[in-house]
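Look at the two complexes coming up: subunit A is in both, with subunit B in one and subunit C in the other.
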Partner chain A sequence: MSGTVQDTRRNPARRIDWQQHVVYLGFLAIFVFFAVVLRDTGFLTVRNLSNIVLQTAPVTIMAIGLVFVLSAGEIDLSVGSTVAVSALSAAVALNGWGLVPGVLAGLGAGLLIGAFNGALVAWLRLPSFLVTLATMGLFAGVARSLTDLRSIPVTNGAFTGFFGSGTLFGIPSLVLWTVAAVAFGHLAFRETRFGAHVLATGDNPRAALVSGIRVPRVRLAVLTLSGGLAGLAGLLYAGRLQAAKYTLGETDLMTVIAATIVGGTLLNGGKGSIVGALVGSLMMGMLNNGLILMGLSVSDQMIVRGFIILVAVALSLREKAS
Partner chain B sequence: MRTLVALLTASILAAPALAVEGITTGPNGETATPAADLILSPDEVATIRQGHHTAALAWHEMSEYTRAVDRGARDAFADLGIEVVAQTDAGFDAARQKADVETVLAKHPSIILSLPVDPATAAPVFQPAVDAGVKLAFVDNSPAGFVHGRDYAAVVSDDLFQMGKKAADAMAAVLGGKGKLGYIYHDADFYVTNQRDGAFKATIEADFPDMEIVAEQGMADPARSEEIAQALLTQNPDLDGIYVTWAEPALSVLAALKAAGNSHTKIVTLDLNEPAALDMATGGNFAAIVADEAYDIGQTAARASAAALLGKAAPPFLVVDSLAVTRDNIAEGWQRSLHTDAPVSVLEAAK
Partner chain C sequence: MARMTAPVLALRDIRKTFGGVVAVEDFSLDIHPGEIVALVGDNGAGKSTLIKIISGVHPPTSGALTIDGADVTMSSATMARAHGIEVVYQDLALADRQSVYMNLFLGRERVRNRLGLLDRRAMIAETARLVEELDVRIPSPHAIIRDLSGGQRQGVAIARATHWARKLVLLDEPTAALGVAETARVEEIILGLKARRIGVLMISHSLDQVFRLADRICVLRRGRQIGVRRTAETDKNEIVAMITGVASGVE
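Coming up: the complex of A and B.
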């Protein structure tokens, strides 16, 4: 499921490595555990399981962007702030001019922030960690000043249906967005030259440059893509909550990073998995859900969640360390 | 009604200008009813107990205050034979609160108690619970568009005007009724802090002619309160007292005062917390902390939601009492507000 320059080159015979599948085994183990422990308390109901997918949709979509960014050896810490700016831009434009301008404003804001990050990284050769650390604060400030800390209600029914509570053939729109983003991400990552260039850049940028890959352009592209997907996540939040506020996405960064890493993407580039990120994100959502349903206190939920993430990350990263 | 009448009388006597503003009103302008007026008869309690109901607590965040509300609610539910089946913490994130509510609904609770993170946009967060027939009671505010009685049982909060007024009275007591004041208020549209801050200012202006607010500064983001405090103190190093909208930013003001070596300026704030109480107990800058009876908020919300199970309507906006805690009454004040013993460090220091 994962694209790996390193593995195929150095060790083609070890393509199927159980450690690559830690996230799937972990997901399954946690699912079975909750299914048994919470059998009488609604965990296994279709409603509850679909809630998990709906709740994690924005995180999954941000995680897809982060897989590209991390695989290219960069990082994007500004996704949370991008979500807020996009959601607010969309809400303001929606209320002022209607559906299409609203959607364009939200996605456009995300793409612009991503391109801004990307341009600084690609052409000024600044480290993406520092660039996006700075823009994380910068755009959090923009989000706060944009509407003077007020939350903006989203009342456009078409918008909230399309990005939030609507369904198509009985399937919730958030599920469709997740499936579409994962399919698009997976194909772009695994089946296109762009995906190969991303991995090559992350694996060894100098070698990639020598072999004719336009490395700065790859860096610009992955950060722009990450911004655009964060913009889409912002639209989904605005649709789901029927409102936008500067706090949207603020607490998501660590969840997105954890979902991506647990899903088998390396922090320092050269390896990534879109499907892994999806499963990682669902695993995070399922943990939150199951620990609440177990009736644990909030403090106990945090302790158990932290411990499980630690174990999952340790298992999925062991290969790289050894 | 007792408190309300007393309050009305007090404000009319104090100054005519206060008569209008001097009443705590709810998020939608509801008239306040003292929490003690909500009574369940022994028969009603027995009926509720027979129902074997369950409740979930979907908090906005976890703090000492929320823990006290939580404890009050759990104790009241235990008395009513209602089992608490889930507790969540949204970390001030409306999206997470929506997920939390959806998640706890899987356990089919009869009741959900919550403090909506963002009332303006909380309707979609709680609508699934309303649709599922869950009885809701809220702390501090209700989702915009929700109708009392139809969508939720009650909103429970502090007697906000009284809290601000008590802070002003405490400030006057500490400074002997005269001096220069700094005023750090919450610069956001939140009726809880807005009413408390407004009551402090109005009381100082109306009741204490020898005390003057010479510097005021709004604070929107608690994380930036130290910078705000530093700027205020740089421009006004000779303040006798500073009012701070609540205890967390007040700690930043304390840090700024300490950095400046200032032990003269007294701080009065609202809501108990340990570092502030410890400073007060050791005779530091903190002079008084006005605390609400947070435990009672939880008790009242729990009883209002349980009453709704019987189809009995609770008043829309219930308020609990508050008290000014100073060095002299820390132990008692802590008990009354949070229903737990003050931390040992604070008790030791106050001896």
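Coming up: the complex of A and C.
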């Protein structure tokens, strides 16, 4: 019996999911391009490459949250503002009461914002696009007023070690956070009932509902998770930069969405990939880094990145038409 | 109507309105174990609404619903399933981007422990067995629903319902998208349910099919129950007249 299953699994008629591979090809192509074009500017040095990985950690972690959110058929536009509020809350609590309150304040702020978004979407049935568009602005305002636009220094050595410059067995803590988040995210998304319910909810909410899946709870959960992960991203920013400011995360939204979609997650739900989001995020980081090394002006960088996002969205929507 | 067995489902004076629109009114019906009842009527007669009332998707505006003699207030689809009622909806209610086996276990995934780790191997094996047993031609448990033909999708929805049903299966136009051979296959599956002593309420626009399968035929017109006939004691002319309301002396 299981023999038949194995055989049919290799059925040639089974559609090749080239979308899952496009991100790896894109990653390789961009890598090779920069390696050749920038061979004299230090792109290929270990220092530069590891810098890329360290810089992308917060975006990767936000992208993991967004994979859950998009797969459930929702969106979270408020991640950038959540990062700022979380980092500032953490910094203030850290300076006032120490390490543990600081960490709890940062994560708690993220979870609360996420739960707030989730409650409005799940129970009031408001579209997440509008809810998080509004809370994006709302919490950007909160971040500005929280410390009167001032930057708050983060000097707690344990905190900056844990969330920033520290290492464990020679591995930078930012890498460990990334690996842990990707591993747990992948496991939860691919191998648990929760992940299956997220996909079903995004795929066909009515079918999910009549199948006994608690659709509102799934929506609340994914948005809360996204907020919590944005909170963690805020801690990582504060740890690495040793300061928190309202501008943190301000420009990340586009990068996070692009990384997620290039990585094979559909904008309209029902399909996603955590590993794809990781590679997508590294690709966006590499792109940033390479474009800067190439000497492109900020405005040219924006144009090139915008173009890449367009291509990614076009590829994502191709699947819908087929 | 004298029967040895208690009805698996009894509906009494069911009424359902959407805003000002009366979708179903004064509807009463018993379905016994192993009995196939057909629900017929023109488009918009209220057939699907009735199925949704029984399956807990729409609560009735008024009326009583009894399962195995016990009054129930069907407030959700989960509740209907807990009572052993399964449904094949007109729009099938499948998650198109997921695999066949995940759809068969939608909302009832097999897990290996408290953390909810999926037991994919068990779900795949069970799907393969079921697909073979029901002879619904699906390439593989791994196939994605959107890659299947309309008939194969219908096969998945029917396989899911027959797999989980314990008391009652509600079928909303189960063969609407099917070819001749597939239709015959589905009819066999429905007769298989009857053999398992499961009650069946099926909606169909094909009177030939209704007369082939049903023990009784219930006619609905513009939300009103026109009448119930034993298949053996009626003919197509009478049913058509009841559906359309044109012939005199029927109402």
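As a working rule, the second predicted complex is superposed on the first by the 295 of 322 C-alpha atoms of A that agree within 3 Å, B and C clash if a C-alpha of one lies under 4 Å from a C-alpha of the other, contacts with A are read in each partner's own complex, and residues count from 1 in each chain.
Simple rule for what comes next: a residue touches a chain if its C-beta (ideal position, glycine included) is under 8 Å from a C-beta of that chain, and two chains touch if they have at least 3 such contacts.
Everything quoted here is computed from the prediction, not taken from an experiment.
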First, second, both or neither for A:T265, with subunit B first and subunit C second: neither
Which of subunit B and subunit C A:L149 touches, first, second, both or neither: first
First (subunit B), second (subunit C), both or neither touched by A:E191: second
First (subunit B), second (subunit C), both or neither touched by A:A207: second
Touching partner for A:N48 - first (subunit B), second (subunit C), both, neither: first
First (subunit B), second (subunit C), both or neither touched by A:L248: first
First, second, both or neither for A:L199, with subunit B first and subunit C second: second
On subunit A, positions contacted by subunit B and by subunit C: none
Complex contact set, residues of subunit A against subunit C: 1-2, 4-5, 8-9, 11, 13-15, 191-197, 199-200, 203-204, 206-213, 266, 270-271
Complex contacts: residues of subunit B adjacent to subunit A: 59, 62, 84-89, 91-96, 98-100, 102-104, 106-108, 117-118, 120-121, 123-125, 188-189, 220-221
Contact set on subunit A toward subunit B in their complex: 41-43, 45, 47-48, 51, 54-55, 58, 144, 149-151, 153, 165, 237, 240-243, 245, 247-248, 250-251, 285, 288-289, 292-293, 295-299, 301
Residues on subunit C engaged by subunit A in the complex (per definition of touch): 55, 57, 76-78, 81, 87, 89, 91-98, 102, 106-109, 111, 115-118, 124-125, 128-129, 132, 139-144, 147
